[in-house]
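To start, the structure itself, in C-alpha cells.
Order as written gives the chain letters A, B and C; numbering starts at 1 within each chain.
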C-alpha cells in the first residue's frame, strides 16, 4: 500500500474516527460524508468510536498472503462495535480462546510493514475485554 | 428487446497449464466456440471478455483489445470490452453480451472469460484474490478470501444445523462429477475422509473445501434467437439474465450467511423467465468454497435456510438427485480460473441441454440455471437457459 | 511545582524462562538465576514493538485521569529499539493518543535512561509554563545477542508519565543527573545487537553514575536514604539495585515494591520507570519515593518524589488501568524457538 493511501486513513486505523448522522442517529465506520438513509436531510459530524464491541463471527487464518505469512496462525473476526457498525479485525488471542459473542476492546499493534525498509503500518487489533 | 440464443460454446481444459499463455488460452477457447457454431471470425460483431486480475497475474491490462487482436480480429475493429466483477467477471460478461444482442445493438457477440493464475507465486495469488474483497477494510487487516468465507461458515454453523461432514460432502459430490468432466482440473473422485483430513486453511475450511488456483478460458457465442438456426440445430435460449450488487465488505452485509445479491438476482431471473425453482432441471452454482454452495442452494430458493447440508447428505443435489447441483464439478473440482468460471457454467448448461454431457448427463434436461458470484457476494449474476 | 499527573504501563504477555535460554547454549540455569536474580523475561508479540508498547502505556495513563489529549504539548519517547532510525516513535504516539498536531516531539536515546531524560525535559517545559502537559515514555523491545549474558535479561515493556503542574499525584521536588563519557555498553549504527565491557559495566558504569546522581541530590536537598519510604533503581538484574541500595543506605523493604526485574527482565528504557510505576501502584499520600535511573554511555538521573493526596482522590482512577502486578500476572510462557521468531533472531529470506 502506498504511503499516501495508508496515511490518509490513519485517524481510522489508529483511533477509529468515523462519523454519525445527527438527524437519524446512525453511526458510520469507516466515515461516510453522506447519510444513505437521510440523504440530503442528514447532518454528518465526526465521531470517535469508544472501540468496545463483541465478536460476531471469526476464523483462524493459517494460509495468508505474503505480507501476513509470518503471522500465521492468527484470529480474524467481524466485530460489532457497540454503536452499531461492524469491522473486520484481527483478535490478539489464541485460536482456542475466541468465541462468538466475546466482548472485545481495541489494542494498538503493528498490522504489517512494507518489507524491511518500507513503512510500518500500525493500526487497531482487538483483544478480550475481560 | 429481442430474444437471445447461444449458438456455440467452447472451453479449454482447466488446470495448471504451464505451456499455455493467457492469450493462447483465449484463442483456444475462442476457436472451439467458433467451430461449434460453424462461424468464421469475420462474422463476429462484438466481444466481451470477463477477467478479474490480469494486471496482477500477468501485469497486463487492456484485455478486450488484446483478446480481439489475438483472435485475429484487429483488422475488423470490433468493439472489444473487458468486464470485471472479481469472480463474477464471466457471468457479467455473459450478461453484457446478452444485453448487446437483446437490444439490437449487435447480432453475433462472443462472451468469453479467461484467467491465467499460475504465472505468479502463490503468495501473490492469495493477495490478488483478496482484491475481490475490500482491500482497505478487509485485506489490509489480514483477511484472506478463504478467511472471509470461513467467517461465513462459522456464522452459518453457529445458527443452522450444518455439520462438518455435510459440508465436506459438497466437495465429495463435486469431485464425483468432475471425474466425469473431460475439461475438469481434477479427474479423481475423493472421499469424505480426504476432505476432513486435509490441512486447515482458515478454520473451519480445509484445503479440500477450497476451489483451486487454475488457468482456463471459455467462450460462448450469442445471436438473436430469430437467426439462431442459421448456425445451429440446437440453439439454447437465454430465458433470463439478472444481476445484483451488494456491500463490498462481508461485515456490512445485512446477514452474514445470506448473500442478498444472490436472493435478489435469483428472484429477478425467475420473474423474467416466468419460472420457479421447480422448473429448473440443473444448476451451476458458485462453489468457490463448500460453504458457498450451501448458501447458494438456499439463497436461490431451492430449499429453506439451514437445509442445504441435509439435502447434500441425502443426495438430492447429486447427479441422480432431484436437483443436480454443479454437474460440471463446480469450481471445486472443475477448477476456478476466476474470469472464466461464469462462462464455463454457461458452457456446462449448454452441453447438458444439448445432451452432450456424456457420463454426467442429466436425462431430459431442458432448463438450466447458472449462478456466478464476485467476492463474498458483492456481485452476482444469474442466468436461466432453456431448449 | 511540577509533578506526575498520571502514569501507565504496558508489558507484553509472553515470557521466556532463563532455563529455556540456558539449555540452548549449554549453560547452567541455576548459576544464572542465582547470579542475576532473574527467572524469566518478557517477550514482545509478533505484532508488538517499541511504538505499540509506548502507545498502550500512554493510553493506560490517559484512562486513569481526565486530561484532554490536545492539551499535551510535548511527547518524548526514550528507547534503544525505536522501530525507525529516522521517523520518531513520538509522532506515532502523539497521533494515537490524539495529541497531534499542536505539540512538540522527539525521540530520545540514552540506553536505559532515555525515558527519565524525557521526564526531565517535560519537567522543564511544564515548570516554565511553555506547555500544560508533557508525556514522557520509556519503552523498549530490548535485544540481547544470542548466547550473550544479556540475552537472559533483555526484555520488552514500557511506562508513560504525564508531567504537569496541576494537581499532580506526585510532586517531583528535584532532579539531578550525573553524566560522563563512559563506554560500558553500546551499539553501533546498523548493528543488530549491543556490545558491552563485561565487568566494566559495573563499578565504572552502573555504580559510579548512580552513586554520583544520588549524592548530588542528597547534597542539594540535605536528605538521605532514611528520609524515603521507597526507592527505585535501574534494574539490569536483581543484584545491582540490591547492592547499590545497600551502599547508599536503603533497606531491602524500601526497594521491594519497585524491584520488578526478577520475572520481568530488564526493559531498558522502561526499567526504572516501570519500577516507579509499580511503587506508585501501592503508594499512599505523603510517601516519599527516590528514583535513580542508569543509562550506559553513561549517566544517571535521580528524582526526589513525594506522593500527594490526589493519588487517592476522585481525580485519579488508579484502578482504571492495569497495575504492574496485574500486567505481570497470567504470562504466556514460550520456548526458545518461538522466542527467536518473535525477536527476529531467525534470518529470513528477504
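Definition applied: contacts are C-beta pairs under 8 Å (C-beta built on N, C-alpha and C of every residue); 3 or more make two chains touch, one makes a residue touch a chain.
Here the structure is a predicted model, which means the values were calculated and not measured.
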Centre-most chain, if every chain is reduced to its averaged C-alpha atoms: A
Most contacted chain pair (by C-beta pair count): A-B
Rounded Å distance between chain B and chain C, as computed from the means of their C-alpha atoms: 59
Chain A-chain B separation of Cα centroids, rounded to whole Å: 32
Sequence positions of chain C contacting 2 or more other chains: none
Per-residue multi-chain contacts in chain A, two or more chains: 71, 90, 111, 125
In the complex with chain A, residue positions of chain B that touch it: 121, 123-124, 126-127, 130, 135-144, 146-147, 150-155, 158, 199-205, 249-252, 256
Partner chain C, residues of chain A touching it in the complex: 10, 14-15, 70-71, 90, 92, 107-111, 115-116, 120, 122, 125
Interface residues, chain A side, partner chain B - complex: 1, 5, 9, 30, 56-69, 71, 74, 76-78, 86-90, 95, 100, 111-112, 121, 123, 125
Of all residues in chain C, those that touch chain A in their complex: 45-49, 51-52, 55-56, 59, 83-84, 92, 95-96, 98, 348, 350
